Structure formats: structure tokens, C-alpha cells
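Letters are used for the chains, namely A, B, C and D, taken in the order the chains are written, and counting of residues starts over at 1 for each.
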Amino acid sequence: MKEKHIAYKRAVNYYETDRMGIVHHSNYIRYFEEARLLMLQELVMDYAQMEKMGIIIPVTFAECQYLLPLRFGDEIIIDTYMTKYDGIKMEVDYRIYRKDSDVLCTTGRTGHCFLDEDLKPIRMKRKFPELYGKLKNLIEHVEKETK
Amino acid sequence: MKEKHIAYKRAVNYYETDRMGIVHHSNYIRYFEEARLLMLQELVMDYAQMEKMGIIIPVTFAECQYLLPLRFGDEIIIDTYMTKYDGIKMEVDYRIYRKDSDVLCTTGRTGHCFLDEDLKPIRMKRKFPELYGKLKNLIEHVEKETK
Amino acid sequence: MKEKHIAYKRAVNYYETDRMGIVHHSNYIRYFEEARLLMLQELVMDYAQMEKMGIIIPVTFAECQYLLPLRFGDEIIIDTYMTKYDGIKMEVDYRIYRKDSDVLCTTGRTGHCFLDEDLKPIRMKRKFPELYGKLKNLIEHVEKETK
Amino acid sequence: MKEKHIAYKRAVNYYETDRMGIVHHSNYIRYFEEARLLMLQELVMDYAQMEKMGIIIPVTFAECQYLLPLRFGDEIIIDTYMTKYDGIKMEVDYRIYRKDSDVLCTTGRTGHCFLDEDLKPIRMKRKFPELYGKLKNLIEHVEKETK
């Protein structure tokens, strides 16, 4: 069976740390974006391509729990799952691990909607049925997996 | 009666926008930090001074709800309140308005703990009673106000 | 005589520091942008307004010399001067001081051109003569001053 | 012969763009840092390891020429060479290309010194002769290559 989530590998950059010596908490929100856009690219469609088709997917909420700090030099893995999708809204969950251990460092979630270029909601099922199907496919897998 | 919260004024910087034409969602977490550190500076103690005393206040969680986008050129006000404080943890709430209207654009909350330089929890009431009192004072006001 | 440069005051934000304990060197380029856009706003025209008129002013080069580090808690002043302007290109110089001393911490320069929305060069003198005059006025002052 | 420079591959992140629709000019300075630290890691020594040994390598100057804009979705290659090294100072040159073409988009240079934890200059040749040799080796190659 085809993989339905991604495990995004990344190193912590020096400029992402702050004077506490750890990754500044705002940067995790950027890590989540990188992971989410990679998930779309690998499993659905390139987001740059979606924008060309007139679809934008802004963030409606973001949350992050900081369990253990990340530092410069850390190699990390961001497990990324779509957890809700109904054709109008979606939610994505993130879990960050250091590559060399199974210890969970960070958890997070972002919420999104689908808008056209006039910032009006798009009914994905009607307007982009193929894309809708691909997105729906991701969430159905997770639903089955967690039963 | 002395004011117990702050209304932090700020302009949106060009480099804080993204290609959607609006402030990138990660930057609100940075706005919250600016507002929180100003609240500490104005009503409690300069955070640089706290760090010199061996107190660090990392973020344990952050959340943000994006109601209306902010754009380059917007002047904003960030209303900032401490909403929980028990000597070990604190929570701070944020509400962002555009200066020229009463429309709420963003809400958010961050959670924090108080650690020493070895990243061990500090019992603020015992170790820094005066500081504890000032912090406690902020939250008591809010509790009374919302009854 | 009306002032022809600006002295922009600003505090260093915590999130702008890195694990060396000082402001990350990339952030000075952002400070320069803040100072430059404030200079335009105060002495010429709001840049958001220029964008609405179809003028964009991208950066063609940037350079920065880091003489003394800036730290969280520092209040700084960014002296900002236009040093070249010929209707097609402009250059802006920056000098950063800590507010409490006369010691120069940072120097820098950025170069710019004036483009329309199709990224074609604009002949400012012909197309926007009033704006051209205001911009030219800034540089003539500096030329006189330094003779 | 062993390779003496690196060609660092990277994708442009969404959050690195600004409302002009292109990568914000400050972010190239961060790209340079990523490339430089990768060059050290691959060809000399991990920078996190150097910091543990008490060596810090701050930036003394940075400059960047923006020839062609980069956009979200672009895959880029950053060619990175050490161009000066005398045991006290070093300079590193950068050239950014889009992966799918030979067109040069950005050039840049950063200058650095080698300091100990008290921010005093380190004489690398005396104090860390092996590291000195590895760094020197990088520059000798370039000198030969460009004759």
C-alpha cells in the first residue's frame, strides 16, 4: 500500500536558534509549513501548481507544544499527517523527533481552508474533483489506521 | 488604579509579509513575544534583567487563531493580558486589532514556565518573592475584572 | 531647514538573537529595510502607496559591516541617508548606534532600482515628476552637506 | 582529487518570500550561512563541534548582489568557495543558480574572523594546527584553480 503520510528530514539551521541556545519557538511553525507543503507535493500536488490554478490554502489556526528543545546540529524528523478534511477545511498534525532517538520533542497542528483568488471559499468537490479525491484519500487512510 | 495590561502598538514590516500578500502566520508568534516582553518590562521587570538573575521563561505552548489577515502598512494594537500564574507556570493572552478599527484580527495564547540556568524549575514564591508578587498582581487583577 | 535624513529608533527583539547571544547578522538587512521605508514614508511617500501607484523598488545589492555586536535589550538608532539618486537607481546608507553611546556598531548600504508591475524600469522623472523631485531633493541635500 | 568546494542544493520555502512574490533579500544571507556551515561540515569540521572546542566564527561583513529573483518552488544550487584564509580571517564566496538552468541569480561574499569564547582572536595556526591545515587546504586549491 502506498504511504499516506510523510516523514520529513531536516537539520536545524544556526539562524533558527535564539540566545537561549535553542530553536526559537516561532520557527517550528515554519518547520510545519515546510513539512505540510512537502506532504502536498509528494502525495497530492505541488502547492505552487495549486496557486497557479487559483487555489490558496491559508492557515486558520496553528498550535504547538514544546516538549523538548531542539538545538543547532540536531537532525530532525517531522511526521506529518492530515487528520481532518471535508472538502472545505483541513487539519494537519505534526510530530517532531530527533533523528537519532525515538523521543518526541514537539507536537503541533494547523488548520486550513481553501480559497480562490478573491479569498472566497472554494467547494473543492465540485470545482476540483480530482484534487478533492486525492486530499480525501489521505484522511481516509488515517481514519482507518486509527480505528 | 494602575493599568494591569498593555496595549502594544506596532506597524507591520514589509519583510513579515509572504507572497500571499499578507503577514506570514509564523510572525504573529513573534509579535506575541514582543508584546509579552514589553508587558514584563513595563509592569514587572525587564526580561534581560531576569536572565541576568538566572531566570529564563521558555514557551511551553503557543496557539494562534487567524481571523483576518494583516498587511504591510497596517498599524496594529496587541492587547496583552496575563491570564494564569501560579508561581510555576503562566499563560498570556493576546488580541490583535488594526489601529483604525475595532475589528479583532487575531487571537492567541502562550504558556510558559520559569527555569533556572540548569533548566530546572524555579519556585518563584520562595526564591524571588518580590518578583512573584508583581507577577501575581497582574493575574489577580484580571481575575477580579472578569468576575 | 527641513530635516533630510532620519534617525530611526528601535529596540532589539529577543527572536532576532542567535545562540551566539547577539543579533543574527541577517537581521541587520531587515533593520535597514525598516529604516529605509520609514525614510520614504516620512520624507517622500508611503511605500504601500507607491506600490498602489505601480512602483516597486527592489534591492539590487546589500552590504553590511559588523563592527560591534548588538544584543537583546539594546536600544538602537539607525541613521539613514540617501546617497545616490539619478531617477533610475538609488543608494541608501545606514549607520547603527546604540542609543546610550556614540559608538558606531554597524554600517551598511543598499542599492535599488525603480520598476513597474511588469518589472520594467520606470523613468521616474518623466512618469512621476513630483515623486522624482522629492527623491532628488533628499540626495541634493546630502551632496551639499558633504562638500 | 578530493572536491574542495560544495554545491549545496535547496528548495525555496514559502515563508521566505515576501509580498513582491519573490524571496526576501535578507534570506539570501541565511542561505549563505547554510551553505558555509555545510562546507565546513563536509570539508573541515562540524561547526557545532568547533563551538564545543571554544571556536566561534562571527561574520565581519556580508554582501549580496541580486541579479535575478528567486521564487517559491525554485530548486537552487549554491556554489560555495573559500576565497581567503590566513589563519586569522577568512572570506567565502557564493553563487546561486536555479537548478534547471545555468543562469546566475545571486552572488555574494561573507567575511569572518576566529574568536575564542571571550571574543578574543584565536591564532589558529598555533592553537589548532590540524584545523588550520584543513582550512588552508581549501583556499590553496582555489588559488591554484584560478591561476
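We take it that contacts are C-beta pairs under 8 Å (C-beta built on N, C-alpha and C of every residue); 3 or more make two chains touch, one makes a residue touch a chain.
Nothing here was measured: the structure is a model prediction, and the numbers come from that model.
Student: Weigh A-D against C-D on C-beta contact pairs and write down the one with more.
Tutor: C-D
Student: Since chain A and chain B are copies that touch, is their contact same (over half of the numbers shared) or different (under half)?
Tutor: same
Student: From the centre of chain C, which other chain's Cα mean sits the farthest off?
Tutor: A
Student: Between chain C and chain D, tell me the centre distance in angstrom, where each centre is the average of that chain's C-alpha atoms.
Tutor: Here chain C and chain D have centroids separated by 26 Å.
Student: Could you list which residues of chain D touch at least two other chains?
Tutor: As it turns out, chain D has residues touching two or more other chains at 14-15, 20, 22, 26, 30, 33, 72.
Student: Taking the complex as given, what residues does chain B use to touch chain C?
Tutor: By the definition above, chain B touches chain C via 13-15, 30, 33-34, 37, 46-48, 72-73.
Student: Which of the residues in chain D come into contact with chain C in the complex?
Tutor: 20, 22, 25-27, 29-30, 33, 56, 58-66, 69
Student: Going by the contact rule set out above, which residues of chain A touch chain C in the complex?
Tutor: Interface residues on the chain A side: 14-15, 17-22, 24, 26, 71-72.
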